[in-house]
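What follows is a pair of complexes built around chain A, which joins chain B in one and chain C in the other.
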Partner chain A sequence: MTLVKYLKSTDLKSWLAELAEKNSVFAPRYEGDSVIFAPFDPEQEIYTKSAATVPPKKTVFPQSEKLVDFTYHKDPENPGKTLIDGKEVLPQGTTVVFGGRPCDVRGFSMFDRVYLTKETTDIYYKARRDNTSFITIACEFTESTCFCHWVGSSPSDPIGSDVLAVPVKGGFLLTAVSARGETLLTSKLLLEGKPKVEEAEEVLDKVMENLGKAPDLSKSPGKLLEVFDNMEFWEKVSAKCISCGTCTYLCPTCYCFNITDEIQGLKGSRIRSWDNCMSALFTMEASGHNPRPTKAHRLKNRVGHKFSYYPDLHDGIISCYGCGRCIKSCPAGVDIREIVLKAIEFMPTVVEE
Partner chain B sequence: MKFQEELKESIRKALPELDVVIGWCGSFDPLHATPHFIYGEEDIEKLEISPLNVHNLATYLPGMRGKKVGVVVKGCDSRSVVELLQEKLISRDDITIFGFPCTGVIDQSKVKKAIGYVGNVQSCDMSDESLVVVVDDKPHSLKLSEVLAEKCKSCRYPDAIISDYFVGDRIAKKDPAEPNYKELEKFEKLAVSERFGYWLKELDRCIRCYACRSACPLCVCRDHCIAESRDPHWLSQENNVRDKLMFQVIHAYHMAGRCTECGECQRACPVDIPILMLKQKMNKEVLDIFNYEAGVNLKDTPPLLSFKMEEENITEKDW
Partner chain C sequence: MSTKNLYLPEIATIQEVIQETHNIVTFRVTLNNEEAMAKFKFEPGNVGQLSAFGIGESTFVINSPPTRMDYLQFSIMRSGEVTGKLHSLKAGDQIGVRAPLGNHFPYEDMKGKDIVFIGGGIGMAPLRTLLLFMLDNRDDYGKITLLYGARSPLDMAFNYELEDWLDRDDLDTHLTIDAEFDGWEHEVGLIPNVLLDIAPSSENSVAITCGPPIMIKFTLQALEKLGFKDEQIVTTLEKRMKCGVGICGRCNIGTSYVCKDGPVYTGAQLKKLPNEL
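Let's turn to the complex of A and B:
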């Protein structure tokens, strides 16, 4: 029996305050003209109408995190030798993220296939992943940049979430979609949800209608490989790209990182921070050779990775959940949908002999 | 726009001699435009001139050296072209400039604020004075003056300063005679702690994507930016606001007397941080000291790119 509860909008802050007693709670709110995920603050309004400007990726995969603190010191037995003491800095505590969207939260399932494999476990990622719960809001509205239904997801996709919140009149219908989700729904502030189930279903049916028909992307892995060596194609589709990191940093499924040692005197920290395949430094080798020397090579990698190489490695699953932030926030209006469709429709020019 | 067809005709005429012409066309919804690279006839037809053409296309020029490039410019964009030419970062022989009288561009953040939610724009009808935006079947009528970019309100160069083809009727140079720094002056009156607090708060949400840098037509270090360099290692990769501010200060200093205040840094910022003000502050100082404005005269040398034994307005010693 699925656990369903009704939360009145007026009780939202009180409920999050209860959850904040034992967890760090993040919720979307306005900062300037943008909506970002910030630690819950009862004084600030929570924004729930649409997807935040910046997804909650940082709650599990921070923009920058310390992996190891280290100190250099001399070996007293052998002054010519330098010793290093290192200590890993593991994330502590539990986190609840309220107000992500299905596309934001499902994004972490992309990370899992890479960071939590049979061969290797990323202990930092695992510590946060295991200790972070998601109360996700299903989308009541769709935006012109939304395309979750193109890539096998939907506005109410529960994958990766613990509780799915569907906006209904006066509040949210909360459905536990994991065992952990059930433990989040024990508050006395929550009311019986069953009378609202039908209304919630209507909301979700309506939003699916608005999304329209999705094109078939099943050919994208093969088609993108077919145009791999066609640099004219890539130069044209990347011409307007300005090589910033907005698309990758706002992407809920982009998981690349860089490692930097930040040292002051004899003490330092090894930092892991978001990296960005649109940057020239991303593949710069120590020799000075760069296998992706131009923005055309780099954009090819971003599109190819999500719509071809990743699905080839992971049962055909496209590494994009269609949140559309890379389109909406791109300063130059690069549209990944357009590029994938162009690759699928691409017909090589036949040279008549 | 009435001169759009005339512009297409000029491009059609020039294109055979060029590798590409950069203009604008429609984007993912009716409220947005996008840079448009024109290679042939079918691309010319898609060209659209409208107040949605926010992008400064001069940004692409330094990265296309060696190619014959046509570029469509608003008045403010043409100043970036002039500045790039002044600094010899592009060659005049390689570029063909298409100018038109610009009546201002729309600030998307203002539209968002005025309407509230613009996720699903169905149509956007613009006239000289207003625009009607339909979102989720509901029309919103806005005065153009309310949603115009700040820079356009006090624009002094609506016509391209430099062009090979100019279409439409020129708009006479507008008042005021000097740049408008009224908002900045208000900010300058705040206490140091308030100003510093403001920047720490605003920059806290920076995601270090460096769109501000990449969108800037005069940020020409491109693939060798100090922001990402580990050698020299001047900026830490830790997520602290100090380093974010440090980068903005470095950017602003490098732009002093070079920045044409096109505002692309701020427009490109995905989290709407008002960073143009930092560059305006530098330019205001340069105007005070050197009586110089960037990108208005091909023959000028930007003051910080030159050296004089004695500066008129700088007194180094008391005598």
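Let's turn to the complex of A and C:
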């Protein structure tokens, strides 16, 4: 029997305060014009009306994190010699993320296939991933930029979540969708959920009815490779792009990173930070050679990675969950949906003899 | 799943620094952890990330062969910040090493075949590991030809062993430079042209080449003229790399990550990948 509970909106902060006794809790709130995921603060309003401006990616994959601390020091036996110590800096503690959306949370399953493979386990990612729970809000409406149903997801997709929260009148119906989710629903603040189940189903049915028709993207991997050498195509679709990288920073499935060193005196750290494939420096080699010299090459790689290379490597799964943030926040109006559809529909011009 | 930290380098000590040319130095290093050094296993063609802590990491091939494990050898051409820092180090200094990374030369498939090595400039480094490995397992391979070219004699690395390579009767060594130079007694001419003059047979042969992109381009054309098919050509690629384990996302050519799936590719494998070198 699935565990269901009803949470009154007026009890949300008290519940999160309870969870914050043992975990770091992140919840969406306004900061300036943006809704971000921030450490839970009972003094601040929690925003639950729609998807946040940024996804909660940083809770598992921080924008910047230490990998190694290193120190230079003198060899006590030979002061003419300098030695180096390097120590790993592993993340500690458990985290609960409230208020991500299904597309945001399912995004981590894209990371898992790259960061947690049999041969290659990223222990920094694993430490956070294993210790982070997600209480995800199902979407009661979609925005014009949403397209989760194009890429095999839906407004109430529970994959990757521990608790799914469906907005109902006066609060949320909470459903445990993992064993860890059940332990999150033991609070005395939570009420019997069964009387709200029907209402929650109606909410989800209504949003499903209003989803538009989804095009078939199964041909995108092959079609994108077919247009790979057609730079005219890529120059056209990237013409508006200003290479700002907003799309990459706001994307719940963009997982590329840079590694840099910082040092002051004899002590320093090796740091991993989010990187941005739309920047020319991303692939620039020391010789000056750049395999992706223009924004057309770079946008081609970004779209190609999500809709062709990744699915080719990972059982056909497209590396995008349709949150639409790259479209919504693009200052130049680039729409990844249009690019993929254009590639799928692309017919080479036949020259008549 | 592995619990090994992919990003934590082993600390290693530089045992010897060889100034190869005006812009190339070679380090011979050993891992400080004796057990790790004793257990260290790699294949010819594997690469490593060397750390100059405080500046960063860069990728270099291990150019000593796995048949000679007294030290690991890396040759470093000065071209950016990390290599600039590495060039300032001396014997006794410490660096970080993350290795082995990447794939390796398919030397098992090359057994019983004639081998043609074509190296240009610092591109000789990855060939060196396989060449020495083959010389240490000489009976497994047929005729071995080496064509090594550099801009001038002053740009030629591994001078300390070239005499030996020229003297050996189980290795057919050709050295070339781009233009006449006082006292130079070997070939003069661009690598692809010299290759056509030597004209090694493509029959039951494998050509292994590495060098600057422009040299590779014309060398591939020369090999084609000599009858080498795509699957008889092996090369090793360079890309900007960070993680070295196929995660960080910058070194891919389509679905292939050069740090993990490469850096060694056959001509046939490269033809299947998108054109983005």
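Simple rule for what comes next: the second predicted complex is superposed on the first by the 347 of 353 C-alpha atoms of A that agree within 3 Å, B and C clash if a C-alpha of one lies under 4 Å from a C-alpha of the other, contacts with A are read in each partner's own complex, and residues count from 1 in each chain.
Keep this in mind: a contact is a pair of C-beta atoms (placed from the backbone, for glycine too) under 8 Å apart; a residue touches a chain by one contact, two chains touch by 3 or more.
Remember, it's a predicted structure, so these values are computed and weren't measured experimentally.
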* Clash or fit: what happens to chain B and chain C when chain A is overlaid? -> fit
* First (chain B), second (chain C), both or neither touched by A:243 -> first
* Considering only the touch criterion stated at the top, classify A:342 as touching first (chain B), second (chain C), both, or neither. => neither
* Looking at the overlay, what does A:8 touch: chain B (first), chain C (second), both, or neither? -> neither
* To do: Classify the contacts of A:260 with the two partner chains as first (chain B alone), second (chain C alone), both, or neither.
  => both
* Asked: Where does A:276 make contact in the superposed view: on chain B (first), on chain C (second), on both, or on neither?
  -> first
* For A:304, is the partner it touches chain B (first), chain C (second), both, or none of the two (neither)? -> second
* To do: Would you sort A:149 into first (chain B), second (chain C), both or neither based on which partner it touches?
  => neither
* Asked: After lining up the shared chain so the two structures overlap, which partner does A:121 touch, if you call chain B first and chain C second: first, second, both or neither?
  -> second
* Asked: Just chain B (first), just chain C (second), both, or neither: which does A:180 touch?
  -> neither
* To do: Superposed on chain A, how close does chain B come to chain C by Cα atoms? Whole Å, please.
  => 7
* Determine where on chain A the residues touched by chain B overlap those touched by chain C, and list them. => 258, 260, 262
* To do: Write out the stretch or stretches of chain B touching chain A in their complex.
  => 20, 27-29, 32-37, 39, 55, 59-60, 109, 112-113, 117, 119-121, 136, 202, 204-205, 207-211, 213-215, 222-223, 228-230, 236-239, 264, 267-268, 270-274
* Asked: What part of chain C is in contact with chain A in the complex they form?
  -> 1-9, 11, 51, 53-58, 79-80, 83, 92-96, 213, 238-240, 242-243, 245-255, 260, 274-277
* Given the complex with chain B, which residues does chain A contribute to the contact? -> 31-34, 36, 49-50, 53-54, 62-65, 141-146, 210, 236, 239-240, 242-246, 248-250, 258, 260, 262, 269, 271, 273-274, 276, 279-281, 327-329, 331-335
* chain C partner contacts - residues on chain A that touch it in the complex -> 67-68, 70, 72, 81-86, 88, 114-116, 118-124, 126, 225, 228-229, 255-263, 268, 270, 272, 275, 277, 282-287, 289, 291-292, 297, 301, 304-305, 308-309, 312-313
